[in-house]
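For clarity, chains are labelled A, B, C and D in written order, and residue numbers in each chain start from 1.
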């Protein structure tokens, strides 16, 4: 029999992931902080829970995809939080991008009540969420990873087990670190090239033909070329993840000179009012600094 | 009839490129600042010129692949320099990575004597040079690009015309900027991940399965995983190119906050004695800063 | 009649400040997380409280000088925390360096119980604390500043009212930002000068004779010249304050590119094991990066 | 008998320094790239030389105060350059801020002809130049320093001998490095403080009362408070000096992470069109990045 799945957090990613769970035949209950976002899924057949607690009570597994550590805090530990609905055998999948300390605290609380948790942050953007081609990087007991694989495979095409609880989150933060560098590097290059009179199409053609090509440059480069800053992944959220990475590194006493510099450029993009645009908008902050606009 | 080709600068890249010219049947003359490096090519059938001037006199086209702007200066403008051998119809291919101002000066000098120049810096590492799969990004008159395509295609598989003289060099500097960011981003990630207990193989597996994957991570990541810092592209040369990019940007009044931070990490790698190792050695500088070694 | 004063947090600064309160004739009660540090003051005539709550109950004004926001959290809001001892007319002086949000939360809680708070972070190092020459930068109601001036003047020579609650903390963070820049600038200069063969005494002589001289360079430069890294202000604490400043700026969407770069150098000093040394030890991190040791 | 003094480079600093030489009774000849700037000094009694060569021929000592290394190149080594007028006993004082390599090349050329050089870059801003209160940091033979002291003391109040040729220039670059850090630190602080509602007068009052106070903050802070960006020391020139410092450090393989970050902020000030304003205008670049203007 199919596991009853709950889904908390119906944002850009979550709503699309939940839809795929429904399509693959999982009995689905959803909860969102602002209830109106539950509408489309309810129409498509999902139950709507009144609280995270109720969400937990009516599900075997709950997938969470919320904004940040404080949102996980509220979801799990608040008075009518998920924890109140946890019992033996319950499973929690943390797909939010948070710090390793947060996921370890959640796991400990669930285990005390006989449940368990798996970190499963993902990568793939909203298109990947819609098409069910996400990549999950998991942390937690290997057995729990194996047990929950069918749920993850309803939303993605691959799940790589990274190790114990916390290591999935660190892996995700590393991934967004790489994206931060690729984005900033491309934007710095495009601004200098543009000032030198190079056409953006030529620059992207060279990049794509090179040994350092990446589907990421193809995708993000095309959007920047069209000046399309429609949100796939917002500057605000990228800065949140950069900050979590810097905090994770700080706790290890590891300096991250490159990421620290990049974060301040993204911060400038926020200061200039682009926080809710796609991260491609970082190019606009660099253009401002260079006096181009 | 085949053009007589000259080749100046038989380093890691140049020696392999010259070999391919010979294999493809071009009558070849070579010159190198230290003559002993000409030996293998001479054995394989190349003539050895005594000076850049003689190299120019005995060739229809000369390809240059030397270290930096001062080396181009010496090659072209010195007393027994190439310029002395230039006459109507002579062609010069600048494959060194230098700044746009240098290539524009060389072009002007050649045109005064009835010749012309094409910038054609390349990307592809020493393996690509050996296999003849380099990517050239050219700058100069489009007609000169078309005319010299057969020579370039003896050494590579693609040549993208970027625009007028100077723009090929800028494109190359942009390429090495992207490499700088990808390298630094990967290294910062690997150090944090390593301290958090993640296995390097797992981290690379995730990166390769993601939407920001790149052949570059596959290649450089594997080398770092094996702690193989055998030189493909040295830290010293990367820093040279980062400096040229920063100078190009400075002349435009364009700030490059990310690249500036990364250059100082690479500078630290040089300070620690890794300047002649492969750029993967940047990870060792970050490990030192983090107190890991 | 003299106000009964309580003092929480007997570290490097706090113990010296408390001593001055005692010398100036204030009836004093002290509390410290680890009780043994209360010994010397008890001998000198101070009462020792068993808990922050008791400290509050037996004092009219409590001065707090603890490590960071979580320590303030514990001190004030824990079960046997200070808040339990607060009643109408009670005053709390926050001399810890924390973020403005923390001090505003504390003020609100105190006001609910009829008390009030004043931020009064200070500058002056442990020598200034011992000699009673600290400079306080206060935030809160102007009337509360005026009312508590006699207490502050027992520990320092000047108190500048910066505005409402939170602004004293921001001012303090700005002060430590300036120190961060002056320290890093001097250390970067000394390393380059040292490698160039300049004597450190000559460099300091020039700095002190210049228009950008500062007592700070005299004091910190002399310590570095003697390689004396005995703790006045630890690298760990400076990084804590830099992080609070970056968070304060992030909440405002203000980029701080210089401070972000400097923080990572200090982070490296921590990674290298100098976290508990004086901030002058940052020079050692830079020397490592430069391959000097 | 008074030495005949020549002065090359009548900019913001040079014109004021030359005036003081005249006032102190030195027979003075002047030269400037654009002759019209010689007018006021000619009226006051100075001879005007037609070329640097003539300047050299008619002087015992020539003081140079030009913009950058290429300007020194032109002044000394051009066809009608100073070198042509050099003979035994001739002295050259390099007061321009340049890199140590440049001053060493000049010294070598002068010594070949029986003359000698002294580096004497200075600090003190245009006010100090006008009032004759400059501080010189010299490099070269100690005997030459002693011999030329009367000339320097006509323009300043102190000259500190830093060591051999090159070390005076390095010391000057270190000085401007400290200024860069103090400026950027103050500006980052003022922007955050301003957004937090602190008054700039309060912030400056605290800084001036603190142990990290400096006449520099008093002077530059007051100008920023009045939004007076009238040029004392232009952003363009500061960036030139930061670049020379970074090159000096690069030649040593010394990373300067803080200065590199600061230079890019100053670069942004140039990109935004503030290059010819006073360096206080860096605050405007930071305000832009923060979305304040």
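What we mean here is this: contacts are C-beta pairs under 8 Å (C-beta built on N, C-alpha and C of every residue); 3 or more make two chains touch, one makes a residue touch a chain.
Please read all numbers here as calculations on a predicted model, not as lab measurements.
Participant: Chains in contact with chain A and with chain B: which ones?
Facilitator: Chains in contact with chain A as well as chain B: C, D.
Participant: Hey, which pair has more contacts between C-betas, C-D or B-C?
Facilitator: Answer by contact count: C-D.
Participant: State, to the nearest whole Å, the distance from the C-alpha centre of chain B to the C-alpha centre of chain C.
Facilitator: Chain centroid spacing, chain B to chain C, equals 52 Å.
Participant: Can you compute the centre-to-centre distance for chain C and chain D, using the mean CA position of each chain? Integer Å is fine.
Facilitator: Roughly 38 Å, centre to centre.
Participant: Taking each residue of chain C in turn, which ones touch at least two of the other chains?
Facilitator: 249, 252-257, 260-261, 264-265, 268, 270-271, 289-291
Participant: In the complex formed with chain D, which residues of chain B make contact?
Facilitator: Those residues of chain B that touch chain D are 239, 243, 249-250, 252-257, 260-261, 263-265, 267-268, 270-271, 275.
Participant: Can you name the residues of chain A that touch chain D in the complex?
Facilitator: Counting only chain A, the residues touching chain D are 257, 261, 268, 271-273, 285, 288-292.
Participant: So in the complex, the part of chain D that touches chain C is made up of which residues?
Facilitator: By the definition above, chain D touches chain C via 100, 123-125, 128, 135, 137, 158, 160, 162-164, 166-167, 170-171, 173-175, 177-182, 184-186, 188-193, 195-199, 202-203, 205-207, 209-216, 219, 245, 248-249, 252-262, 264-265, 286, 289-291.
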